[in-house]
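What follows is a group of structures, each given as structure tokens.
The two complexes that follow have chain A in common; it is paired with chain B in the first and with chain C in the second.
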Partner chain A sequence: MTVLGELALWIALPVAIWGMVLAFVGGKHGRGDLVLSAERSVYAVFALLVTASAGIVAAFLGNRYEYLYVASYSNRALDTFYKASGLWAGQRGSLLFWVVLLAFFSSVAVFTNRNKNREFMPYVSGVLLTVITFFIIVLLFADVNPFEKLGFTPADGQGLNPQLQNYWMTIHPPTLYLGFTSFTVPFAFAMSALLSGRLDSRWIVVTRRWTLLSWFFLANGIIFGMRWAYQELGWGGYWFWDPVENASLLPLLTATAFLHSVMIQEKRGMLKVWNMALVTLTFSLTIFATFLTRSGLIDSVHSFAQNTKISFIFLGFLATIIGVSTVLIIHRYPQLKSETEIQSFVSRESAFLFNNLMLLAVAFAIMWGILLPLLSEGLTGEAIQVGAPFFNRVNLPIGMVLLALVGIGPVIAWRRASKRNLTKNFTIPLLVGITVVGIFAIRGSRHWMALTTFGISAFVMTVIVVEFFKGTRARARIEGEGIPRAFVHLVARNRRRWGGYIVHVGIVMIFTAFAGAAFNVKVIQTLSPGQSITLASPLGHDYTLTYEGMSSSRGRNMVWQAVALMSIDRDGRRVGSITTEKRLYETWPTPMTEVGIHSTPFEDVYVILANADDLIAGAYENDPAAQRATFEFQINPLVGWIWYGGLVLTFGALIAMWPSQGPLPEVRQTAARREAVPAAVGAD
Partner chain B sequence: MFKNRRFFIGLVGVAAVVTYLIWTGVSETMVYYMTPVELMARTTSDPSLHQVGIKVSGRIVKGSWELVSGEELIHRFAVEDLEDPGVAFPVVYQGLLPDTFNDHENVEAVVEGRFREDGVFEATSVLTKCGSRYEASSEELAG
Partner chain C sequence: MALIVGAALLTGGVILYILLPVIQGRFASLERSEDELTESEAKKRVSLLALRDVEYDFATGKLDERDYKELKGEISREALAALREVEAESERRRGGAAAERAGGIEADIAAVREGLRTGTTCHSCGHMNADGSHFCANCGAQLPAATETPPG
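So, the complex of A and B:
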């Protein structure tokens, strides 16, 4: 199976190149037969890459340690679940995984458009196959072939880093990669529009769901990563402002900007060049993020490899993407003129544009922070770095403005907002926001950044709730429906709009959670069994945690596991218990920490076993006198709202993406069009 | 596109505010990033560097880790240069060390903090990169 997989990877290269050439030639000369052949090679490449991936998975499951990649990320005792996910555990497999996902999305794009949008498809297939070809070349020729053999067969593998043996870590990379790869489809359509000269809003309408799908995966991928960091890294935080985290955030920011600015083009025929630039930028950033994770160019806890060959190949590819798209945009510039102009500073267009500027400002600041060490070293020979304080300082104020725009954008009028429009829509939400800040201030809170965020959040939530209320009431009155029915129909009739509002609710929840971190409590304390510590929660009650003792057990793949048990009382009433552990894995030299988390809707109690006097005597031999241990105790208010917000956001995005019922009229007339289209494309 | 002059002014205003935020952000939060060899040379020639934030990338000296206080989680260890292991300096750090920290394998570490005038590095954060464990070389697998 594994040999077959390697063979499939080699065969995929000529097939992809063949298809790429045919797609461009067929598109240029209007040869439908060539285009059809190119589309078939998309499916073929997908099948071949699936075979290659299956080969790697089979090697993991079959303990084939003669393969360097398998030996580096697995061992016999590893759970089957983590063996199977070895495909994306390291650089080599991840790159294969990346391209197989891209081939999957390419196949879906080609298949769903087999009878429609034919005028775009030749170049779409061509662009998709170009990106696929690039990744296959990287896999085969940049010293990252996952099928590389060692030349001998070790008895066992090195095992998987225990920190990566976590459910969230298993689904975090694939989700992020789904987001990265699916964005290639909107990019391919944009390039196709530029190449074929079909520069109206069609390419945007066609790829609307793709963009949303990609955004949805990116957002969830990042949230899963935060969840992993919170549970596994054992310091109670979820975001490091680490270069690789930042790199994954960049395409999310620009994709968010793109999702909003395309609406302006659809509704008002403006921002055409801007949208082309944004789609190119976002796609480039997905490649940049993939590259940064897997190249080691910049110091980061995430970047594993130090392979300079791959850096040059990736940078070359990035430069090509940006260069070619720029040339195409300049070439088509006369056809990308705006059909209308912005009429007023106080209008929805203006709010959307402002939202775009803010998102790009955040992206720019983050990019600056990532590249600063390289730039400063290159220019002055002296490396300068910035970390969390820089990113917080710059991004917090911009983030608050963005949050406010979430409330302003949806209700401010198009073209030119009247005074009446403004007072009608914003009086109540503003009052609610100010009241919230007032209540917190009266109760003695002086953390102004957090208070402002809470106030803005309340403002935005009110705007959204009022919108839902007004829409439902109007529908109930006009259609004579009951309130629940009217509500469902309201959302169903304009899923994109109302789904988008639900996504906004999720975003507000997540921002509120970020602000909650301003009130975190953190105490380090050493306890003997029976002793307890009392912590005052910022929500006004007390938690008493009693250290009950330490026990030992032996989990799979572990030498030992020392488990400290802690009971939790809230205001004198028992509410639960927590365990926190040290584990020594068979394949890892040092004990790993497992934190204990007691989650409630408004706060988490988070305990870390920091140090034990004598783990062996205390836990292993069950000697209470030796069980004295040092813990870090944290109370993290609102942190759970990030995960709840993620669920709300997912729900909203699914509503917005859900296909409309029944075939659209344009789909039915396609049989005739399919024949006619290649000629039309060739006319360019 | 921007016939409206107010709009153009707004745009310039935004750009100015963002530039200001980034500029002051960098100048007030930046740290120098150096190797142990550079740290020794630079602080000798410019003692004012003892007062500013510095980030040093090196390797944990084998056998150098000592838990000064288990109750207060005060750690002491030494970091050496990756290329010139003769150059090393002591580090004190209070807090939780990452799980990948140890002093018996070749662990690369990045410490951030202040290099005191008495030659001790007072770290506010310690990051470890257990490079060999993420991407094994064939020699290590053979061993």
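So, the complex of A and C:
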């Protein structure tokens, strides 16, 4: 199976090149037979790459340690579940996994458009196959072939990093990769619009759902990664502003900008060049993120020197993407001019534009933070470290402006809005926001950044709730429907807008959670069994944690495992117990820590077993005298809202993406409507 | 052995699958399909939706009455222009199809005339035979000699 997989990877290359060339030639000369052959090549490449991936998975499951990649990321004692996910455990496999997902999305795009959007399809297939070809070339010729053999067969593999042996880590990379790869489809349609010359907003309408899908995967992939970091890295945080995390955030930011700015093109025929630039930028950033995380460039200049080939290939490809898109945009510039202009500074359009600029500002700041250490190391030999203080100082204020825009945008009308209306619509939400800040301030809180964020969040939530309420009421009056029916129809008839608002609720929850971190409590304490510690929660109650003792068990693939048990009382009442562990894995030299988390809707109690006096005597021999241990206790308010916010965001994104049944019913100008509208307003 | 057979099947299958359209001359369509929105139809749809939005923006208090009326007028004009464009387009399309049909008939008549002149069109049934035929492939009647001097 594995040999067949390797063969399939080699066959995939000429097939992809064949399809790529035929797609472009067929498109240019109007040759339907060549285009059909190219489209079949897309399916064939997908099947071949699936065979190649199956080969790798088979090698993992069959303990084939003669393969370098399998030997580096697996061992006999590893759980079958983690063996099967070995495909994306390391650089080589994950590059293959990347291109399989891309081929999958390419096949879906070609298949769903087999009877429509045919003008675009030759070039769409061409662009998709170009990207696929690029990745296959990397796999085969940049010293990252996952099928490379060692020349001998080791008795066992080196094993998987224990930190990666976690449920979240198993789904985090695939989700992120789904986001990265699916964005290739909107990019392919954009390039196809430029190549075919059909430059109306059709390509945007066709790729609307693709863009949402990609955004949805990116956002969830990042949230899964945060969840993994929180649970597994054992420092109580979820975001480290580490270059790899930052790189994955970049395309999410520009894709968010793109999702908003396409609405202006659809509705007003403006920002055509801007949208082309954003789609190219986002796609380039997905490649850049893959490159940074998978080339080893980021860790140090050493890994850069070890595999310069892959770095140069990637940089060359990035340069080509940006160069070709720029040339195409310039070539089509006369057809990309705006049909109208922004009528008023106070309008939804200008709010969207401002949101775009802010998102790009954040992206630029993060990009600068990624590149500065690399550039400085390249130029002066000494890396300037850019850490959390820089990112927080630059991005928090912009983030708050963006959050405020989430509330401001929906209330401003398209084209133009008047001051009187703004005052009318903003008064209540602003009052709610100020009240929230006031309550916190009176209760003695002086974390102004956090308070401002809470205030803005309350403002935005009020705006969204009022929007739903007013929208439903207006629909009930205009269409003469009952309130529940009007609510359902309101959302169903404009899923993108109302689904978007639900996504905004999720975003507000996540920002609130970020601000909650300002109130984190952290205490380090050494305890003997039976001793307790009392922590005051910022929510006003007390937690008493009692160290009950240490025991030992031995999980699969481990040399030893020491488990400390901690019981939790809240204001004198037992609410539960948690365990925190040290583990030594057979294939890893240093002991790993497993944290204990007691989650409630508003805060987490988080305990880390930092150090134990005598693990062997304490845990193994069960001698209470030797069980003294040092713990780090944390109370993390609102942290759970990131995960709840993620669920809300998922729900909203699904509503926005859900296919609508046929075209929207057209607005009929009946006499009843003409009377109903002024009546509805008069009632305000 | 099984491996070689598997490899051969895989390679052969893939090559056959992607080459068949070129060999057999099977085509993928490259034309816009009939039921796809045209640019002006899309514009019409967008302005009708904008009209609905304006109504809701007014009803939910985001627009002043003056702005509402102005905008409504403005968007209605845009919608009307788009509507006219759609009509003109479908008119053009109908006209084009008629012209094509007319053109097709003209061409058919010309072909029959040419056949009569060269003697390949059958006088009894009207079937157009291949050059050099002596008998009609449809009814078997003898065709006028191709070498015969055409009348006139």
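Rule of thumb we're sticking to: the second predicted complex is superposed on the first by the 638 of 684 C-alpha atoms of A that agree within 3 Å, B and C clash if a C-alpha of one lies under 4 Å from a C-alpha of the other, contacts with A are read in each partner's own complex, and residues count from 1 in each chain.
Rule of thumb we're sticking to: a residue touches a chain if its C-beta (ideal position, glycine included) is under 8 Å from a C-beta of that chain, and two chains touch if they have at least 3 such contacts.
Only a predicted model underlies this, so the values are computations on that prediction, with no experimental measurement involved.
Visitor: Kindly say whether there is room for both chain B and chain C on chain A in the superposition, answering fit or clash.
Guide: The answer is fit.
Visitor: Answer with first, second, both or neither: which of chain B and chain C does A:201 touch in the superposed model?
Guide: The answer is second: A:201 touches chain C but not chain B.
Visitor: Considering only touches as defined above, state whether A:611 meets chain B (first), chain C (second), both or neither.
Guide: It touches chain B, and chain C stays clear.
Visitor: Could you say whether A:174 touches chain B, chain C, both of them, or neither, answering first, second, both or neither?
Guide: neither
Visitor: Quick one: classify A:383 as touching chain B (first), chain C (second), both or neither.
Guide: first
Visitor: Figure out whether A:121 sits in contact with chain B (first) or chain C (second), or with both, or with neither.
Guide: It touches chain C, and chain B stays clear.
Visitor: Could you tell me how near the closest CA atoms of chain B and chain C get once both structures are overlaid on the shared chain, in Å?
Guide: Superposition on chain A places chain B and chain C at a least C-alpha distance of 19 Å.
Visitor: Under the stated contact criterion, what part of chain A meets chain C in this complex?
Guide: 3-4, 7-8, 11, 15, 18-19, 26-27, 30, 32-37, 39-41, 43-44, 47-48, 51, 114-119, 121-122, 200-202, 205, 266-267, 411-418, 420-421, 424-425, 467, 470-471, 473-475, 477-478, 663-664, 666-667, 673, 677, 680-681, 684
Visitor: Under the touch definition given earlier, write down the residues of chain A that touch chain B in their complex.
Guide: It comes out as residues 68, 71-72, 90-91, 150-152, 154, 158, 161-163, 233-235, 270, 299, 301, 304-306, 338, 341-345, 350, 354, 357-358, 361, 364-365, 368, 372-373, 382-387, 389-390, 393-394, 397-398, 524, 526, 588-593, 608, 610-611, 613, 630, 632.
Visitor: Where on chain B does chain A make contact in their complex?
Guide: Residues 1-4, 6-7, 10-11, 14, 18, 21-22, 24-26, 28-34, 55, 57, 67, 70-73, 95-96, 98-102, 104-105, 110, 112, 127, 129-131, 133-136, 138, 140-142 of chain B touch chain A in their complex.
Visitor: Taking the complex as given, what residues does chain C use to touch chain A?
Guide: Those residues of chain C that touch chain A are 3, 6-7, 10-11, 14, 17-22, 25-33, 36-37, 39, 42, 45-46, 48-65, 67, 71, 74.
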